[in-house]
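What follows is a set of structures for review.
Shared between the two complexes below is chain A, which has chain B as its partner in the first and chain C in the second.
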Partner chain A sequence: MKEVRGLRATTQALGAIFWKSIKHYMRLPGSFALYIALPFLFTLLIFGMGRFVGGGSAPTYFAARTGTTNILVYEMLGSAVWMTSWVVVEDVGVSLRNEQVNGTLEQNFLAPIDRATLLVGMSLADIVITTAIFLVAVGATIAFTMPTDIVALTQAYLTLLIGLIPLFGISFLFAGIIIRFKEPYVFVQIVNVLFAVLTGTYYPVAFLPYWIRLISGLLPQTYVIEDMRQIILANQNMVSLYGNVFVLFALALAYPTIGYAIFKRIERKASVTGEFSKY
Partner chain B sequence: MNSRNTSSVSRIGSEFKAAFLKDLRSYVRYPAWLLGEFISTPLWFFFFALGVTLFSPTGPNTSSMSGFNFFYFGFIFIILFSTAVWGIGQSVRNEQQAGTLEQFFLAPVNRVTLIVGRWARVFLTDILIVGYTTVIVYALGNEQPVLHNPALFFLSLGLYEVGLIGFGLFFAGLTMRIKSYNTLSNMVFFGYMILTGALFPISVIPVPFRYISMAIPFTYFIDLMRNAALSTSTILPESFEYLAATILAVSMLLIGFAAFNKIEEDARVRGTISAI
Partner chain C sequence: MNPVEVKELSKAFQTREGPLLRKTSKTVVAVDKISFDVSEGEIFGLLGPNGAGKTTTVKMLCTLITPTSGDALINGYSIVKDQQKVRENLGVMLTGERTLYWKLTGRENLEYFAALYHLDSSHSKKRIDELLEKVGLAERVETLVENYSTGMRIRLSFAKALLNDAPVILFDEPTASLDPQSARLIREYIRELKREKHAIILTTHNMEEADALSDRVAIIDHGKIVRSGTPAELKERVKSNDVIEIQARKFSEQVLIGLQSFSEVSKVAVSTNDSTDEADLRIHAEKGKEVLPRILEFLVRKQVAVTRVSFIEPTLEDVFIAETGRSLRD
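Showing the complex of A and B:
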């Protein structure tokens, strides 16, 4: 089968997949509203529990452990990045499975475009969605609590964008695994909470045992959360955090390559065994 | 159509047993679900526990009631509440999506018995998950749950469960009306966690919002269970709170039952029972 090639054709295909994903979101505004609300709700929950445990001195104990008294921004940054990975895992990882269940996966795979275009197209819509989450969760929080630091938001957003690339790579890997093993929601349920625990969503990763920190170091969200907190709460910038930024770029190269390679391998095997149409 | 024979206790018992076994068989047919629940539930517990540790006193804890026990019971309340929202409520949605709801409703048995059968299965697996997580938490942190007054605790738990079944029935009815069920259930779930004192006492909630907490029946079930388990003080005078909780539990069951039947009747008239 001849595939569509060339910049213009690829751009058109990417645009079509992008709009399809955006239309899905617009059809379900409740899901989108939930993604926006969840960072606030989780933060509220952690804050309420913390107030109970620490009483009136809770902010002091918090500052002693994190170096900042700005609990809201600290927690919201973690929440927003966690929600970003939640969206990417659910969208890119599970969408192919949804196509499988709806019986449209074969049509998608028969379209004269390569798989990379298909996966990247789905990821593009997530950039818009995660940007919206970032602007509402982080942007609004900072605008209200530390309006003078609004400029730092741009650098924090850039860090998020770099971190999205390896995250997309991880989700390509998940997409392949889900096509192979089915049961996407169980998988997503475990992965989402695992990411929350490992990446320091509501606490510094230094709190975790050494061997768990090694795993945390393999996840891009760990660096994104840490860098965002440093940029917004400790007046650092991307230059001074070059070590973490470098690691993020390295992960941005490694994960999409590995994720896509594994996805292709599973896909090849599935096309031989007829796995695509099974659910 | 409800069967004329459903008034018989033995008939209801066999319907309940059949519904329970059907759901148990469906559940064990997908070991991934079981595995997912057994892995993710303790992870959620550790996730919250680590987050809260940042706010805890840096010195030794001299409190007679440890934060661990407070959150441990909160965690149980949340798991049980999820039974109502995702266990009972979602059951109708699952049958709807699988295209089996009409067959389910055409069976000459009481719908409510079928749904309560589902609740029993979810309750059983919840208890297993709670037990398993307790063992893990104890092994890792050497913290032991305490239960000062088991009799009162199980009485309060019974009231809570009666209320939950009523709430679950109401929610199961809603699935026939509202198609974005997942969004609604998530919002209700978070509302429960934040407002009812499951994870922190309602005294932490600022006053205008605390009135909302006090208007939610679950706040009192939780308060009584925690009072029985940890000897915490109650929101209302203890005996009055037990009376109020009993009235609330029975009312919730009756309202849930009536609401489910009404919504089902409406859906049958409009032909929307299977609309997904």
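Showing the complex of A and C:
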């Protein structure tokens, strides 16, 4: 049998895993539709609550605290970033668990590919989902509510993409935890809600207590949300926000390394305990 | 060097049992220092009841489970130290139909795994077509696996195991849950692989299958190989006894003890069907024809309803009974 080696072998495997995920999304389109719809629904929920609590003076209070009167775009950016982190954490962690239950995880582990290829391959489809969320939720909201600046939109999208890399690292960690402890939805839901609370999804992080802000500073979405709002609503750019961009790159290096190391450790233990075969 | 060399391979699992907060840790030895070799073009059968350690052995050989001690070489590569190389040299078909992506078509499944096995995409298409033709799925390649029958899924799983044309192939209960026709097809494919000089390990609890396919059989029970040899050699060992098969109802433990007390009887294995109250007895006895009337008289006296009696040729099941005192179906 003629085989390919090295980088070509890895690229071929990554491509296969990517297309497998995309085909699953296309054949089970409900979750894809949900990912697109949720940012709108969350934004409307927050918008409605703000109106109810703040009444007619809500926009004034909002502007005083956030520096913008465009509540819809401000909240939609938070919702969109939250949704992408939701997708990434759920997709890698829950998918791995689903594959474990279905019996296909063992089949993947039987193949001569390293685990990093498998995890990265599973993450690649999330770039497509993220792009779709960005185009539909962010793009459409901006197009209908403010003058559209394609350069600013591109920079916001790039920031979102850079922020995906550390998120992938966090998802590798959760993939390991889920294989070990099962019950993926418990972990994923707790993490998702915590992310929304800690990363300034619907309010500026500056309003959080100091010690919580320390935790927020460790989460990539905090920087992505802040930068996207600055770029779109305050005419900033990636160069002027270089500090945050630098932190994002640093997290993009650190988290995948740490996440993968922990995943490997849990995986080694699972192969000793026979955990992969336990449903 | 043989394609498969297993040396003193063991696996013990730690389990925690009991109510919450009072759980106790227990060590369960699933595989206990087993050793065997498989040569090129040989089918080696691992025969044993459920829970004997067959699947754990296969999962250690294919690197899914780390052994507690011992090692095995697959085409010269250690399952402990060279796991990637082992995977390259192995084709594996694990039990069950849920080893495929049901939302992908038959072809898409094979294309996916071909990429994971690093097959050159220009060659893998031809290989996939050949395999789909071989397992009789050429007409259904574009159908989603969720619309396949169980037999079709097992055949596709079989094709998947052959994708990389590995020198060593492991089959874990390949015909379990298959209809007789599909099972016969799979057995014929396995014979063909033997002719192509693959080294094959086959686990099964089906004694007819082990007998018909295997060049050599290892009988495994409680994680240990209790006996190994060619099927003919193994059956020769129990030829000194007659094997009486009795089907009966209202059988009890007390009757079993009574049967075991006959001096001519060396082993009695019973498999019971709780829902029908029926029991199948397999009795190994010296001078069976002489002792049979006394056995039947004893059963009638104990009010056991005998529905069928026959003398049979010893099978691998009788070897298992002779070695363990239990039936494979226990």
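Here is the rule we go by: the second predicted complex is superposed on the first by the 272 of 279 C-alpha atoms of A that agree within 3 Å, B and C clash if a C-alpha of one lies under 4 Å from a C-alpha of the other, contacts with A are read in each partner's own complex, and residues count from 1 in each chain.
We take it that a contact is a pair of C-beta atoms (placed from the backbone, for glycine too) under 8 Å apart; a residue touches a chain by one contact, two chains touch by 3 or more.
Since the structure is predicted, the reported quantities are computational estimates derived from the model, not experimental observations.
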Will chain C clash with chain B on chain A after the two structures are superposed, or do they fit? fit
May I ask you to decide whether A:273 touches chain B, chain C, both, or neither, giving the answer as first, second, both or neither? second
When the two structures are overlaid on chain A, which partner does A:13 contact: first (chain B), second (chain C), both, or neither? second
Just to be sure I read the superposition right, which of the two partners does A:64 touch: chain B = first, chain C = second, or both, or neither? first
Touching A:193, do we find chain B (first), chain C (second), both, or neither? first
Report for A:28: first if it touches chain B alone, second if chain C alone, otherwise both or neither. both
Let me test your reading of the model: by the given contact rule, A:250 touches which partner, first (chain B), second (chain C), both or neither? neither
After the superposition on chain A, what angle is formed at the C-alpha centre of chain A by the C-alpha centres of chain B and chain C, rounded to the nearest 10 degrees? 80
Smallest separation in Å between any Cα of chain B and any Cα of chain C in the superposed model? 10
Both chain B and chain C touch chain A; at which residues? 28
Considering the complex alone, what residue numbers of chain C touch chain A? 13-14, 56, 59, 62-66, 84-85, 87-88, 90, 92, 94, 96, 98-104, 108, 111-113, 115-123, 127, 144, 160, 164-165
Contact footprint of chain A on chain B as seen in their complex: 30, 32-33, 35-36, 39-40, 43-44, 46-48, 50-58, 67, 70-71, 180, 182-184, 186-187, 190, 193-194, 199-201, 204-205
Listed in rising order, the residues of chain A that touch chain C in the complex are 1-5, 9, 12-13, 15-17, 19-20, 23-24, 27-28, 102-104, 106-114, 268, 271-274, 276-277
Residue positions on chain A within touch of chain B in the complex are 28, 30-31, 33-34, 37-38, 41, 44-46, 48-54, 57-58, 61-62, 64-66, 181-183, 185-187, 189-190, 193-194, 196-197, 201-203, 207-208
